[in-house]
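In structure tokens below, several structures.
Both complexes shown next keep chain A, but they swap its partner, so chain B is in the first and chain C is in the second.
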Partner chain A sequence: MDKDEFRASFFEECEELLEAMHDGFDQMATQKHDEETMHAVFRAVHSIKGGAGAFGLNELVAFAHHFETALDRVRSGKLELDAGLLDLFRHCGDNLTDLVSAARDGDTPVSGTPALRAKLDKVLGADGLAESEPDEPDFEPVTLDFGDLGLSTENTSGLTMLFHAEPGLFVCGSEPAVLFRAMEKLGSFAVEADLSKVPSFDDLDPASCAITWTLTTSDDVSRDDVAMVFEFVEDQCTLDFVSISNTDGPELSDIGISDDLADIPEEFLPSAADLSEPHAGSGPVAAMPGLDDQNEPTASVQESDQVPNKESEAKGNAGGGGTIRVDLEKIDKLINLVGELVIKEAMLAQSISDLGASSESDISVGFESLKSLAGEIQEGVMSIRAQPVKPMFQRMARIVREASAATGKKVRFVTHGEYTEVDKTVVERLVDPLTHMIRNAVDHGLEKGAARAAAGKLPEGTVTLSAAHRSGRVVIDVSDDGGGINRERVRAKAVERGLISASDTLSPPEIDSLLFLPGFSSAEEVSELSGRGVGLDVVRSEIHKLGGRVSIHSDPGEGTTFSISLPLTLAVLEGMVINVAGQTMVVPISAIQETLQPRSTAIHDIGSGGRVVRNRDLLIPVIDVGAFFGFRAEPVDLNPHVLLLIESDDNHRYALVVDEIQDQRQVVIKSLETNYHQVDGIAAATILGDGRIALIIDPDNIVRGSGAKLTGDLNLQMAV
Partner chain B sequence: MNMEDQALEITKTYLEVVAFRVANQDFCFDLKSVREIRGWTETTILPHAQPYVKGVINLRGSVVPVVDLSERLGLGATDPGPRHVIIITVLGSQTVGLLAELVSDILTVAETDIQPIPDMIDETVRKFISGVLVIEDRMIRKMELSTILGSDIG
Partner chain C sequence: MGLQILAIDDSRTMRNLLNATLSVAGFDVDLAEDGEDGLRKFDATDPDVVITDINMPRLDGFGFIEAARARKRDRVVPILVLTTESAPEMKARARNSGATGWIVKPFDEEKLVWAIQRVAASGENRQ
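Let's look at the complex of A and B:
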């Protein structure tokens, strides 16, 4: 591991620690916390401080130290944790998060630090100030690598271990003598250096250490204690226990690497919680090892409870807790290959059907099992990229706090389904739209305190963020229990902005959808918080770019819910394969509302070359896909064609004319931009069963692209 | 090729070029830009594309546009058939296929052998070439890939 890798792993660890910290605060807020919650938070902050010190991130260290001092007061019972203090802690936590990301990205320091430090100082009082001079961190943030367990039983009452320093130990500025001195503090301790392997001066490699030390401790020293001392040099040394203390941990019946690991709390293992599984947040991450001696006994008791099940997990993989860290690029490459596999499979399917083989023939049966295997591989590979939405939800909790502070509204933030897994890219790209929606919910959704009281609601508003898998998609809901959408006002605003005309009759859902129109901002006064010119239309187009859809449901007096429905992955799309003007194209299923036979519907010419189709009392503009792409002239007779009803970005329906629907299937998304450029009306490309490329249509883009021709139709549609 | 290499004078810098024919004229460009040469395959038409963009093909999972060199050079559109070839070239991060009649040779030429463009060359072709090579009785125009795959392609 070089320094950059260390740095990267430190920041990864920070993410987890911060998550654990926020979790702790959440628990404290629910009053269901116990002493351990406070310890966990303290340890998280402390570990961040320790690591930051090793990397010379002084600002981070200074703040973390202050924060930690305050936490310690609460932990040791010198300070009472009340709502105000918890609030301050949360702000400090947010600030710590900012400092960590500022340190990681090399950004300018966070501005909120001095103010929060002042507040912390106030809480701590005068003596706190004296104490809170940041002490020099004297440790390195790494984990322990315990070697094989020896079999010697000559010293059953104490611990004997062989310590060998790797070159990395010195590179990182650690020093065995410091470690030994730390060991000395644990209890009676002896160290003996084995100089036998030290080469002659000529052969000496100055960068490596040829000395092996034998360390012996008295029986009152536990392995956890030793682990603590060596915690920060784990990767840079080997530490082999040559005898086991009976006073600590379960009796080991069988000596081997897995048992060896089992005895060590999981968090000491390398990268224990990297790529953490959903459940990881509650266990090991929350219990990151503290460095404070007085705290540790409590923690060890807790951890040793986990030992039995850890044992089975550790078996068979000497890594950490069954997770490994993998380069994203490798996964993406795998996903690409799986994409190829899906394409080849489709090709093979075509050849087999061309052969006319019966479904019982060996080749068909073999192909079917191949197909199901490929499907499983695809699912498995996709799931590697999947991440729980929890970290994103935690970020939203912060947005709620900030929005609540800015608006002066009291808000309770509730999350459901935070372990729902979504593609990493989707999660990342959802942050901005969700932030906007959450702010909206607090700023515009919830009523002011007085209005809530008048409506007989609790003074504290509730904003709920939930995620769930539903029929192959992920649905994320943002709801508030506010007053619902003020349709009168929305309508008036839309008329004022010229989005609709005063005489239009709109159904309630149609009015709600007006919020998504570009340039619409419903708050009476543009507040500092939301309404900075970025409207819900941006949110909507962001979500559309991810292949998702967003809808509103609002009940007057009850609240508003925004539902985002997203595909599980960005690599594969469920599409309808169509023919138009001799070209094979794909239309995303998510866009298609229904398909129509023009024969059975009434088509009207509306002059100026436009046509509309009547469907459920709506007149829907007709767009010929072939003509749009310049493949053909607009057909005169639509009867032999098929109409695909799609709903556009602005909630209006359009009918796309295509010639024939071939199939509905999963297609692998291939970028057109890599070697070419963006094409109007085309979202991406895919490869069909015959190996040829088919273009994936972007229906919204077609609607916008042909917008000039259809101006005026919008009102026509609404007036009917 | 190896034998030939050894016979080359060391003082000169040499260049390997791939020579091909478009609309009965000989062209060449740096071999280093060529990834592979494959036969013509039907393309998928790209809407709203320049007339010289024949569409896209599937090159082992990548979507690669194909440019009709003849049309691009202003020498008339090609009606591609099985005898035509697509030269897959890489320029920067972009992979583009170039449609040509045939690939004739891979030549090792000294940079000093590249002569300035004579006046007799068509005005339209002129802007896409950087010099000519005269080998035996053939005049091979050295094509500048960057102008062929200019901004209007990628």
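Let's look at the complex of A and C:
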């Protein structure tokens, strides 16, 4: 790893730590947190500070330090966490997130920092940071506490010291012999042991040291050097600088100082084995937990594991359950290979059926188990790319906070299903549309405080973001408990913009769907927050690009829900293989509600060439897929054809006319956009079992493409 | 064989940095992610020197040191605390737990190596 990689891995870790931090705040907001939540948040900020220090990111260190100090106050019970403080912490968390991004991208530091630091200082009070550490992050690389070593001036002549070890020195893993060896490395060095106080063997206490050593160094060894060697034991020994010896040092030989450690009789060096035995009255040792107590920490961990929220911590923490980091390219290559596997599997299935082998034949049985294995591999590989929506939800929490601050509306943000896993690319590309929808919910969805009070609602509005797996797709809902869509206004505006005519009769869902039309959102509506020139039509087209659909549901006075339905993966799809006008095409199963064999009596002409089919008391517009793509003229008789009932984004049903249903199977999605740009009505292509290429159609797009003709028909559905 | 070092830190960044610094210095490095993991590796590898962080999930540095010191060993393994903390009461607590030394993050590579060298019983002592 070179420096850049270290940096990169630091920032990756920061992401995880920030997630853990935001998590902690979420839990605190629900009042369901325990002590460990606070510890986890503290640790997250603390680790960011530690890592940032290693990379000299001073802005980040300074702020993290302030932040951490305040968190520590709460952690240690010196400060009470009230709503105001939690709010400040959240802002600090956001700021820390920004600082991390700024540090990563080399951007200018975040402007909000000084203000937040001032707020933190206020919370910490006058004694604030002085209590722990200096204001600026100038902690030294290695703190040397020379203390009572009497370090004052650099000494150029040799030093003589009397060294006596206190019991604690051994217990804490230091040894005189090791210290002496380190002294030896400084320059010439001599040591003499005074054994006069060593008791008889019977009275020997191995934990205490009865020997005093006289240490003498040559003149090139300074007190600084000595202080460094004894840095860790300064409180566990007495080290007295006796006198400064003369440079000629005649006493050395006189007092018979040995210059070899081996001369210290081995038996006088305390053996560590004895020392590790707890001795009564030997201070620190006695205070250590006995072997029997060792279960304690384990037990407490098990306990905390039972707290449901701990799961999140384990996930947020790199330490969790053994993970490896894999290059995304490798995974994508694997996904592509699995795609090929699916295609080959389909081809093989075709060959086997061409052979006319019975389903009990060895080859069929073998193929079936191969197929199920391949299915498992596919699922496994897909799941590698899947990741929980949680980090994205956390970003949204921030959007809510910002939107709440900008609009002055009090908002409670609730999330459900944050561990729902979605393809990584899908998650990434959902960020923008969701951001927009969340802002919308706060800005347009929720009423102002007064209006809420008038409606008898809590002054605090609620925005809910939820994710769930539903029949092979991911459904993400953004809802608010606001006043619902003001349909009169929407309608008036649509008329004003020429999207509908004043005489059009529209059902409430139809009016709601107008919001998605291009050109609906207007400059007049632009507020500081959600009006950024991006309308819901852009949101919808983004979601379409992901193979998803978005729909809207609103109850006056109750609120509005936007529902996004997405495929689990962008790589394969469950499709219905159909024939139309001699072409083989694939329709995504997710779009198909049901299939019908029409009776001619159920088909009605409605003038201007349009047709509807009556199904369960509903008149459903009919669209011929063959005619849409220009394969043929609209068939006069629909009897021999098959109708696929689909539901479009605007909750309307349409019937697509095809000739025949061949099969239902998984197909690998091969994008066409790189080579052909976007083709109306076509989502992508795939390779079928017989090696032929088939186009995957986009039913919503077909519906919209033939929309002009259908606007008149819309009313019919409702009229019946 | 160089000295066997066990480095315990919950931060991946720190572990990476420690691993690099210590490996370059010629030590054999084992890494652990928290006190519990550290204890497991402490038991399994019998290191010459342990470097541990204080603030860690599951089992913190103090807990690790206390538990490590309660192990019966034929020698007391030096344990250096490497942390951003520098409060005297924290140091005292580490000392009471049995820590050999205290080094403040961010660490200076040379000084860290030198600190390890001077607390470690040299290789020949062990055989």
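Assume the second predicted complex is superposed on the first by the 394 of 720 C-alpha atoms of A that agree within 3 Å, B and C clash if a C-alpha of one lies under 4 Å from a C-alpha of the other, contacts with A are read in each partner's own complex, and residues count from 1 in each chain.
Throughout what follows, a contact is a pair of C-beta atoms (placed from the backbone, for glycine too) under 8 Å apart; a residue touches a chain by one contact, two chains touch by 3 or more.
Not measured: the values here are computed from a predicted model.
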Just chain B (first), just chain C (second), both, or neither: which does A:Asp235 touch?
-> second
Please indicate which partner A:Ala40 is in contact with in the superposed arrangement: first for chain B, second for chain C, both, or neither.
-> second
Thinking of the overlay built on chain A, is A:Leu619 touched by chain B (first), by chain C (second), by both, or by neither?
-> neither
Broader residue contact with chain A after superposition on the shared chain, chain B or chain C | C
Classify the contacts of A:Gly691 with the two partner chains as first (chain B alone), second (chain C alone), both, or neither.
-> first
First, second, both or neither for A:Glu13, with chain B first and chain C second = second
In the superposed arrangement, does A:Leu568 touch chain B (first), chain C (second), both or neither?
-> neither
Quick one: classify A:Lys49 as touching chain B (first), chain C (second), both or neither.
-> second
Shared chain A footprint, chain B vs chain C, residue numbers none
Seen from chain B, its contact residues with chain A in the complex are 42-49, 53, 56-58, 60-65, 93-96, 153-154
Chain A residues touching chain C in their complex are 1, 6, 9-10, 12-13, 39-40, 42-43, 46-47, 49-51, 53-54, 132-133, 139-143, 168, 170-175, 177-179, 181-182, 185, 228-229, 231-232, 235, 272-273, 275-277, 284-285, 287-291, 293-294, 297-298, 301, 313, 317-319
Contacts from chain C onto chain A in the complex sit at residues 10-14, 16-17, 20, 33-37, 55-59, 63, 66-67, 69-80, 84, 86-87, 95-108, 111-112, 114-115, 117-122, 125
Using the touch definition up top, name the residues of chain A that touch chain B in the complex.
-> 336, 339-340, 343, 583-584, 628-631, 670-672, 674-677, 679-682, 685, 687, 691-695
